[in-house]
Amino acid sequence: MNAMTDPARPDIQSGRLPAEALARGFSDLHPALEPHEVLVEADRCYFCYDAPCMQACPTSIDIPLFIREIQAGNPIGAAKTILSANILGGMCARVCPTETLCEEVCVREVAEGKPVQIGLLQRHATDLMMETGHHPFERAAPTGRRIAVVGAGPAGLSCAHRLAMLGHEVTIFEARPKLGGLNEYGIAAYKATEDFAQREVEFLLKIGGITIETGKALGRDIHLADLRRDYDAVFLGLGLAGVNALGLAEGEDQIGTRDAVAWIADLRQTADLSELPVGRRVVVIGGGMTATDAAVQAKALGAEDVTIAYRRGREQMNASPYEQEVAATRGVHLRFNLQPKRIFAEHGHVTGIELERTRIEAGKLVLTGETVTIEADQVFKAIGQSFVADGTDGEGAGIALERGRIQVDAARRTSLDGVWAGGDCIAEGEDLTVVAVEDGKIAAMDIHSALTAAERVAAE
Amino acid sequence: MADLTTSFLGISSPNPFWLASAPPTDKEYNVQRAFEQGWGGVVWKTLGEDPPIVNVNGPRYGAIWGPDRRLLALNNIELITDRALDTNLEEIARVKRNWPDRAMIVSLMVPCEEAPWQKILALVEQTGADGVELNFGCPHGMSERGMGSAVGQVPDYIEMVARWCKQHSKLPVIVKLTPNITDIRYPARAAKKGGADAVSLINTVSSIMSIDLDNFAPTPTIDGKGSHGGMCGPAVKPMALNMVAEIARDRETAGMPISGIGGITTWRDAAEFIALGCGNVQVCTAAMTYGFKVVKEMISGLSDWMDEKGFATIEDFRGRAAPNVTDWQYLNLNYVTKARIDQDKCISCGRCHIACEDTSHQAITSMVDGRRRFEVIDAECVGCNLCVNVCPVEDCITMEQIAGTDPRTGKPIPEEYDNWTRHPNNPMAAEKKQHAPAPVTMPDAAE
Amino acid sequence: MADLTTSFLGISSPNPFWLASAPPTDKEYNVQRAFEQGWGGVVWKTLGEDPPIVNVNGPRYGAIWGPDRRLLALNNIELITDRALDTNLEEIARVKRNWPDRAMIVSLMVPCEEAPWQKILALVEQTGADGVELNFGCPHGMSERGMGSAVGQVPDYIEMVARWCKQHSKLPVIVKLTPNITDIRYPARAAKKGGADAVSLINTVSSIMSIDLDNFAPTPTIDGKGSHGGMCGPAVKPMALNMVAEIARDRETAGMPISGIGGITTWRDAAEFIALGCGNVQVCTAAMTYGFKVVKEMISGLSDWMDEKGFATIEDFRGRAAPNVTDWQYLNLNYVTKARIDQDKCISCGRCHIACEDTSHQAITSMVDGRRRFEVIDAECVGCNLCVNVCPVEDCITMEQIAGTDPRTGKPIPEEYDNWTRHPNNPMAAEKKQHAPAPVTMPDAAE
Amino acid sequence: MNAMTDPARPDIQSGRLPAEALARGFSDLHPALEPHEVLVEADRCYFCYDAPCMQACPTSIDIPLFIREIQAGNPIGAAKTILSANILGGMCARVCPTETLCEEVCVREVAEGKPVQIGLLQRHATDLMMETGHHPFERAAPTGRRIAVVGAGPAGLSCAHRLAMLGHEVTIFEARPKLGGLNEYGIAAYKATEDFAQREVEFLLKIGGITIETGKALGRDIHLADLRRDYDAVFLGLGLAGVNALGLAEGEDQIGTRDAVAWIADLRQTADLSELPVGRRVVVIGGGMTATDAAVQAKALGAEDVTIAYRRGREQMNASPYEQEVAATRGVHLRFNLQPKRIFAEHGHVTGIELERTRIEAGKLVLTGETVTIEADQVFKAIGQSFVADGTDGEGAGIALERGRIQVDAARRTSLDGVWAGGDCIAEGEDLTVVAVEDGKIAAMDIHSALTAAERVAAE
């Protein structure tokens, strides 16, 4: 199948692996626990006081309680406990870097180096809940208030659900054809298999009271000033539309060089992965989760040599040790202290990349002058994303930014009256689904308070 | 959403989960925290006459643990409250005022004379408490002084004290029973005869948790010595269920409200006690092990289960299991089961095989066609259930009723119910099959 | 290497581990396998009169489990042997012949009349068995027929039957006691008065293991119904230790040989029973859970521990703990302890804190200098031991005796022993401190 | 410290890493369990019937029993249970590939994917036993028989101990200065830290009745014919003295090219690892445990780029998936389907290696013609060892071989009367310590039977 190619031409092709190998590579990173495993694992929880896991969870899920509910044979109760704190608890169970959040601080990790598998237990409970086909929450009496939510990523969905639950009417505007944001477009396929992102959106929307408007981009189809006028409140969950550039003297625009984020989005929307081309030799530039996600998926598509080149050392990588381990054990070569210098190309197509070795001197990264060349058919850039402020210039001065993203207070209020924001687009954004969910929840609670207070004032 | 409220002896509480009279209910500070977490009521730790007793100043609690150091049972040599009576009464009054929707029962233990009971009951009434519980169960410390289980083991005393209490107070009276007795029905009957409104059971079981093999003394050890204490927790639940069932199905006491106590740890335990007829349950060990927050699981669990089963209120399932408790001789001898091993769930530990092979009926293979495999041999299986009990995987082995011919006996299995009462091997066999007495019907606990 | 041989009532066995009368000792096949694994002796499953009883054909066993589905207790509604008397007698004779160094005791249960006892004893003597055990304990099935615990709960009957047995047989007689009784000393005294050579205890505890919440019936369930059964296993060990201690320190029965039974699972459990005075131990649940091989751990464990402690024979430590079992009023009130938390072992689960804060004395911090940290506040700690019991890490929290001033009371701690008997708060205080009665001395079990 | 080197010269130097990084890299691969961990782990054992773990153990250690003894607070009893089946149970606890033996078949592995950590529990018990300073076994009454054991590796030591226990007098002849064989010279340092091999030998010898003669090589200092004459029986535990060659047209003899086995032996005998030189770029050729051991240790010494090149695919590697994972996560780049073609050198020193890509065609490994060059300062060969028959030519025809190693029957008898053999030097040898121990034990039991039978015959 893997026909010999002209060595002069870059080798980018689809169908490198037989179907079953492809299926294996893209199968669930953490398969669901079997019923017996669930019981064994749940029984390990000590029901800690003011549990460290719960403190480490950005959405403060009452983890000891939900695990105890599982222990006691009430997984549906457990799901309600989870979802009442985090309506995207199902996705978070899959994509949270639990090894650096709840499970890192689990006392079983402290005591035995083996935390309770909180993420998988959470998945078990939420999966069962979703299988029932029922939505566990009911809406409060209608308030008559209308709120616009811009962006249907985790922040926007979380905000919309909470507002709907509190009795408000919500309209979600989303630029892309599908809801879910990065859950649908950005996360490695093997972390959310079987169309989970869409199934979860459906589950969430069962609360009712949420109107969907897809294909509506802020600044293009809808405008902040109009939303502020037409709705009682506006929540911006815009995400990060920009991608950082390498800023190389040459080669960055050659065919074969791509943003990892965009490539992953393509991959997520490809129904038959055997049709997605990938280079035989792939280099991914970067040190975060996008880099490892891209590299592992390239490998899973059948790329022969996949290298992650990161300009700093292993310890500085944003990808967690667990993510690094997944990459390394799946055959990705992780190389450190290599800064891109030049992308080589022939006939307009990438053939390799030259990198310069770096070193830390007096705490600073310096170049050593020594270079390394890695041959490549594809180079993916995964060196971070940036906020694009298009459309947030509401009236006059526009929305205040901080470090290039939207400035908000603790309640997720922006500088514009009646406008809240959350998720990756805010200055505190951590590029984590679970943090975005919390932002949306906090904003929703504050919007509710604000509208209720306004009502009280009006009534007086 | 199921309605968990209960009205036990007319005392309402938002859910059936009360804290038992024990250290967790000794002070306002603790009870306050309990109510904040959602407990439906408390039985305030037993009051006595002034001057208050003193406790030992060394370890009061012992324990046994299962694998992974999980607490199976606690044991204590603590006595009744060691705080002044006035302090307790003031706090009880204040807590009841602050939490009017929660049940406040006061446990009492004074000497076996009418005057002290009359006196203390009057004081308790003034606090606004909802009822009293007579502590006839505490098996240590007080019993040597003629109180606690020293009374609870003598039905006549129970009747006498119960009568005094009903005479001298309008408060509902619950008699708490000790399990350290030959037949629990006698003290229960005595309580009823004395006019008590309800019984609660079980109090702790006289026990020595372990012997310290380094200093050869019982634990907990005080200066090289130890005494027996009272055991509670998951280990005693089966005793408690049996005693509750005995009282629930006794013709003399049937219908008497029961507050169930004994190792209740999860919603399921509570539901079991309620299914036997209890109007509510009391908890201690689970709270002492995990803190008051455990009640949240009990509340959600009971509520979610009731929703699933379609029970709108506690009364909808209370007492449903009592009619199904019977005596051995009425069990259906024509009910034949065989074990079934789900090979997909089997993890091949082989415990079913060795338990059956060594200690039972040699009815489970260890090899089939030269491979490690565990299968039931129907021709040997007596359906005893041991393999189910020792299997580490839930629902991997189950018992299945069979019909037709029993491969073990080679005989047809009669379809109709039959029992020991007329079995040919029974030397006292009756001419006709005897049936279990008609089950006692349970009136509402609300009375 | 320690010498594990025992001579109980003159019956020698290579180690003190006997299998209790129960399903594992029902047949030659099983007992043969037991002896192959190293068991020191067996009490053959109870024989009765022909025709043999029949068992139910559905589940006979129930269970409760702890976390990770570990068996905490088994329960059974099985009766005495359901095989013909002759078959049993033949097998007993053959096994004893093949294994002359192992102890062979035969358990018996016949109606409460002299003739049946006389008759069956003669048959047993012919087998070459070493002794008999009278089953007065079985709490289900047989008791409804006036046998088992129906006898064991009436001391006069025990005395009468024991006397018949001693009259009609030269075999040593062990009376097996039911724990379902108010005061275990009475049946033990009756056994002694009747001339029995020893008592064995405890038999099973009347229990209902659980209620099936789907069909609202006790488990094990036979055609929708269930009856109580007898519970055994780790959960009942504390009751058994207490009852053994009661008999060991009772002036009327002190020195009577005791065979300890009740939840013995490891060498350590056995050593504890022996430390209270038992001459040997009987095991059932551990064998039924794991197979006969478990005895290997018991043998090596007891032997290695004796080596470590320098005990050459079982008699070197037998009964050592009995003098340290006392009554509450003799415990030293001047023995003051405080909990100590080993911060290196602490895993920060905080269960000590919440147990203390919610349910006890608010004596453990949760934060120190803004960080999660659990430390004991000596000024609040009453030394109750609860934190030790709920901590999931062994030896992380320990109790330490303190001297000088107690930071909680601010008062000096007297150095001398003192107790409740002359405490000012004791309404029955004596003028002078009372001391516990001198401990009873234990004669050799060998007699 | 890592001074810039002349790029023209190969970079092989010592002291690449600070002391603490070196210590970290060579610290215990599986640190001993803490007491609490021991109890938690031991409690997980189900005490299976005819336990699969026990069946999978070449020495048939009664694993459920020893774990139950630990559970019951009797670790010394546990150690006795272990050591009675395997006197080198301490080393086996460290070096056995438990993931493909006992732990692979643990029912907890079947049920939860997490076996009971049998190896670490075994280590706990045996460590405690050794700490007591006592030897747990006593010798039987003296038999007056004398047995020669040639080779003090696991097979020889095991055989000698069992024979001594049975009352025989044993003399061990060993060519090297220290006892232990591969335990002392061949195993990665991080698998047997703190001079464990020597401490274990001391512990073993406490049985008494064993005389040691080091520096005595068969065929050089001692001769089989003499041994057969002077002793009642002879046991040969000779190991594998030969190393396979790559058989390349050029470069194999360049400086910088070494046998991995010899390099590891050097490493093991180097007291201060900061003085051991290693290349900056290291390529290890091979796919077995020696390859991963060499690669991981090169990395631990501070080599920047370490590559394992194996001519077949990942699935064919002899190193277990766990060993592969250790290598990958410690930064070793595992490359597959690469067959060495030529070693490049300049000034007599290795500069790199050219490999040719391979492929499986119709089940056979074929070359594709495509080559890959990897720059290297050092190339280690780890492509297997061979038996060197020197000295085994007893009388006349010598000892019978089978597939190049000594032929033995089930009782480990060779073709020569009175001569037994075991360990890697026999045809069935599996290059596993635990198998060698079993060989020695079986041979000892058979020698004992043979001598006892001879005695009986003589007495009649």
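Chains: A, B, C and D, in written order; residue numbering restarts at 1 for each.
The rule is simple: a contact is a pair of C-beta atoms (placed from the backbone, for glycine too) under 8 Å apart; a residue touches a chain by one contact, two chains touch by 3 or more.
Just so you know, these numbers come straight off a predicted model, no measurement behind them.
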Message = Applying the document's contact definition, name the chain pair with more C-beta pairs in contact, B-D or C-D.
response = C-D
Note = If chain centres are mean C-alpha positions, then the most distant from chain B is chain D
Remark   = Cα centre of chain A to Cα centre of chain C, whole Å, reads 58
Ask   = Using CA atom averages as chain centres, what separation in Å is found between chain B and chain C?
value = 21
Cα-centroid distance, chain C relative to chain D, in whole angstrom = 49
Inquiry  = Among all residues of chain C, which ones touch two or more of the remaining chains?
reply    = 67-69, 268, 290-291, 293, 305, 347, 351, 354, 392-394
Ask   = So which bits of chain A are touching at least two other chains?
value = 36, 39-40, 44, 47, 49, 71, 111
Request  = Can you check the complex and tell me which residues of chain A touch chain B?
outcome  = 35-36, 39, 44, 47, 49, 64-65, 68-69, 71-74, 76-77, 80-81
Message = Using the touch definition from the top, list the residues of chain A that touch chain C in their complex.
response = 39-40, 43-44, 46-52, 71, 107-108, 110-111
Ask   = Hey, which residues of chain C end up touching chain A in the complex?
value = 67-69, 347-351, 353-354, 366, 372, 392-393
Message = Going by the contact rule set out above, which residues of chain A touch chain D in the complex?
response = 4, 7, 36-37, 40-41, 111-114, 305, 314, 324-325, 328-329, 331, 333-335, 370
Query = For chain B, which residues count as touching chain A in their complex?
reply = 68, 266-268, 290-291, 293-294, 296-297, 300-301, 303-305, 308, 345, 347, 393-396
